[in-house]
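In what comes next, subunit A is part of two complexes: it sits with subunit B in the first one and with subunit C in the second one.
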Partner chain A sequence: MKETFFRTMTWLHTWVGLLVCWVLLLVFFAGTLSYYRYEISLWTQPELHKEVFQDYEKGQLKAQLTQAQAYLAQHASDAKDWRINFPTERKPYLSYGWQTQPEPGQRRGEFIEHIVKTDGKGVITDTRDSRGGHFFYRLHFDLHYMPANIARWIVGFCTMFMLLALISGIVIHKRIFKDLFSFRRNKGSRSWLDAHNVSSVLALPYHLMITYTGLITLMLIYMPWGVLTAYDGDARAFRAELKPSRVQVKPTDIPAEMIQIDTLLPKVKGFWGDVPLKQVVISNLNDKNSRVSFYQNTQQSVTDKRTPLIFSGTDGKLLSDTPVAPSATHVTHDTLMSLHTARFAKPVLRAFFFICGIMGCAMIATGTLLWAIKIRQKQQKKIKNGVKATLGLRLVEGLNLTFIAGLPLATCSFFYANRILEKTMENRAQWEINSFFIALTLVALLACFNRGQTSWRLVLRLSAAGLIAIPVLNALTSNSHLISNINEQQWALVGFDLTCMLFGGALWFASNKLRDSTNLAKVKQPTTQGSQLSQTVKEGV
Partner chain B sequence: MISNSMTLSLLTFSYLALGCMALAMFSHFRDTFKRSPTPAQSRGLYWTGWGILTLSYYLGIRYLGFAYGSILFTGILSFAGLLVILTASYQPKHLPHLMAGSSSLGVALMFIG
Partner chain C sequence: MAFVNFKWREQLSKPSFDIFSRSLAAIFGGYLVAATACGLLALALPLPVAESVLTAMMLSFALYAIAALWAFSVKRSRQAWRDLLCISTIFYLLILLLG
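== the complex of A and B ==
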């Protein structure tokens, strides 16, 4: 009984993992980069790197609001709404934004953002068209080149498989504590198994958390029935009750004079005290039903509390309910969501989340590499006799090369496209994204012909060289560079350059390792300790 | 608000604690000291490890609040574990030195920060 149970679990772990691992790797990789979404976006907008960055200043709020209202009234009087964004730790600049009136048949208009210079007078309007970090954020759950709802189902399916793989992985790993600190290097597939175990077990709390909360973020798509039953099929009513502030009020079309927004500040202070503000949104401009909503910067708080204070835009009366304590269910959901997005994380904790994310990528990559190595070992005799490797093995090896070695290269080419493409190019943002996928496709094409060491080395070296040269690219294509950024303490930009170099160095190291070892696929036979491993593979075939 | 130096000292203490726990294991102890541990040594290292871990977790939640402290501590543990594994596999002989060095750095940081 016990043996069959372990065999079944091993079988489950192998197949559930292998089936979805490449999509998962893409999702994990994009998600990990999304922890630095705003920092990446900042880097991809070199126009903002000079004379723009400022800290949040409580004393400046009143002046900033007055100025913002005047500026927006002048430049965006017929907009759908206005957004005044105050500097935060991760978006260290003041900006005035608005949404244009949607075209007929569209739900949303175009979003325009003008960034205010530190002198308070100049405004930067000609930022390049780029998705920046938001590309990776969307890629994380919407994939690309396909409708979002289909992509979300695919990602959800893969996440469910990931959860299964994690749990079955815990069950079959009999020596979790005995092997907790074991990494036996230069032992062929044994080392790969160790690397797989180390990256899984060490960050296990993170892996379980991120997979589970990942399912929670989109749970209403995957399991809509509870809501549909309780609200008679009206999911919108549920959302309205969950987040009353999200409900958009319709304009009455009766024109009315707007109040000065800065006169509301004392009231906001009365409710929230000195909490820093993040954003002020003004909707239904110059209408009797206009609204002014204040959002606070929730900082380190682990639950979200994204409830705004909403005032009438014509008489300044508070319209939102005075903040009440949310229900336990609401808080739980909020906490799970913000755990997934790490919205609350300060730089150090964010770095730990990032490291854990990288360990997740390593776990997936080592898992599938291990499978390919073991299967190749099994077929070694046949391959020596001139028989071709099976289609499954070739497919897995090809996909491994494409995704494991290809993703860094694709990311690298995204950054290069961001800086090199003509600023006025049509569909510029889309072409940056295309270049990401073109790089991936090129690696895939290479993988069709050669999946051996030379290809791995070539791709790894290319991305290594590209990433190491990122600071040079930055210096050549923007008005600041690594040294000047260090001098001006622009740590987000410094961090970007250094992280790229670090990863470039790591990839270079990996490609050198490849040269040293005879072959990725040529490995020693497993020792007795590897019995669990060989069993994994037996079940896997 | 916790300072970054506090986080760094928590990291060094976790490194020390997990290092002790690694050394409590037969094979790691042998790799490091070239002899087998006595059962008493093993047990001692094991419980010292747990003790330091508990203490640093307590420090973490005391300065950061239960929620943020727990999350940060989990992250610190993962990273410290990775560092211990790398040391134990590539520089086993220097594991004790690094443990001593890092924890003195941690203590120093606590007094400065």
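== the complex of A and C ==
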């Protein structure tokens, strides 16, 4: 019985992993990039790279609010709401934003953001239309070119498979500790197995955490049944009880004079002290039911007590309940959510999350490469005799090339499109995204014809060259460059350039390694580890 | 008359069918268990309503994983279906009882 269970788990691990690995790779890759969502967005807005970045100054708040209100009243008097964003660590600029009235049939209007220069007077209105880091963020659970709710079910399904693959992977992995220290390089498929083991085991807590919390972030979609039984399916009532501040008040359509927002500052200070503010949102403008909500910058706290202070916009009365201590369940939920988004992470910890994410990508990629290599070994004799590789093998190899080598190239082309496309182009943001998928499709087409070394090397080298040249691109197409950014200590921009170069270098290195191990499928005498592997694959096939 | 000649009994006892059936049991049967457990816990947990719903939802994915692994660990696929359907029926009846 025990042996059968072990074998079933091996089977499960192989097939569950293989079936969803490419979607998972896309999700992991985009999710990993979204740890630097704001930094990427910053880089994709070169208009902001000079004379814009500033720190939060509590002494300036009053003046900034007064000026913001005057500016918004002049430029956005018929908006749905106003948002005044103060500089934070990761979005280091002051901006006035608003949402236009939604078109009939749409739930939301268009979001417009004007960024204030450091001199406090100039306002930048002509930033290029780009989704920036938010594209990757959305991509990792909404995919693209399809309705979001369908995409979220697909991603949820794959995530559940990932959880099963992880659990079964742990079960079949008898020597988890020993494998931490065993990496045998240049040993053909055994090196791939070792790489798979190392990347899985080293970051195992992270993989489990990110998978489970990923399911939890969208659990209202996947598991709404508790709401069905306890609230008779009234999801609104549930959300209202969970986060009372989220409930929107409808306008009364009775016009009313708005107060000066800055007069509320002393009251806010009375509740929160000198906690830095992140955002002020003003909704239902010039209406009897207008609301002014203050949000604090929660910085590095793990749980994100986001309960805002909500005031009436006409008489300045505090309307939200004074915050009560959240319950253990809420704190647990909030902690799990912020573990997934890493919103509390300072630069070093954030980098660590990023590296763990990369290891997740490596785990998925090595797993599926390993499968393809072993299957090719099995078919080697037939292939030598002129028989074509089976459709399954060709499909897996093609998808491997498309996603493993194609994703960096696609990302690279997204960044290049961001800088090269005409600024006034129609649907510009969409075309940046299209260029991401066009690159991916081109690699897929290439994979239809040739899935061998040449294709891998070509695609890897292309993206390597592209990424290494990113600082050059940045210097040519923006008003700052790597050196000036170092001088001005713009670490987000410097980090972006350097990370791209680093990854470009790594891809170049990988493409060179390919030549050495031309016979990836070199079979060595199976040892204990090898027999475990061949058993894995045998079970799988 | 290929349909008539198709050897149903033989096909059903094949290992490939067994695995196919287990997979379906794990995906759908497992979800059924998780969903009913989620609904039941939301009613049964001795916490304020919003909190028990939240707890139930957070736990349900762990239950799903356990149910799916269960489907692969029992001897026959039929047993997997039986177990998962029984458990979810019990949960469902309890929901009716409590709700």
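Keep this in mind: the second predicted complex is superposed on the first by the 534 of 541 C-alpha atoms of A that agree within 3 Å, B and C clash if a C-alpha of one lies under 4 Å from a C-alpha of the other, contacts with A are read in each partner's own complex, and residues count from 1 in each chain.
The definition used in the following text is that a residue touches a chain if its C-beta (ideal position, glycine included) is under 8 Å from a C-beta of that chain, and two chains touch if they have at least 3 such contacts.
Just so we're clear, the structure is a prediction, and the values are computed from it rather than from any experiment.
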Superposition on subunit A - do subunit B and subunit C clash or fit: fit
Partner chain(s) touched by A:L18 [first = subunit B, second = subunit C, both, neither]: neither
Which of subunit B and subunit C A:A410 touches, first, second, both or neither: neither
Residue contacts on subunit A - larger count, subunit B or subunit C: C
First (subunit B), second (subunit C), both or neither touched by A:L285: neither
First (subunit B), second (subunit C), both or neither touched by A:L242: second
First, second, both or neither for A:L339, with subunit B first and subunit C second: first
Touching partner for A:T329 - first (subunit B), second (subunit C), both, neither: second
Subunit A as apex of subunit B and subunit C, Cα-centre angle in degrees (nearest 10): 90
Smallest separation in angstrom, by C-alpha atoms, between subunit B and subunit C in the superposition: 20
Footprint of subunit A on subunit C - complex, ascending: 19, 26, 34-36, 38-43, 47-58, 60-62, 64-65, 68-69, 72-73, 75, 95, 99
Contact set on subunit A toward subunit C in their complex: 1, 4-5, 8-9, 11-12, 160, 163-164, 167-168, 212, 215-216, 219-220, 222-223, 225-231, 238, 241-242, 327, 329-330, 332-333, 336
For the subunit B and subunit A complex, residues of the former touching the latter: 1, 4, 7, 18, 21-22, 25, 27-28, 67-68, 71-72, 74-76, 78-79, 81-82, 84-86, 88-90
Residue ranges of subunit A touching subunit B (in the complex, touch as defined): 178, 180-185, 198, 202-203, 205-206, 300, 302, 335, 339, 344, 347-349, 352-353, 355-356, 359
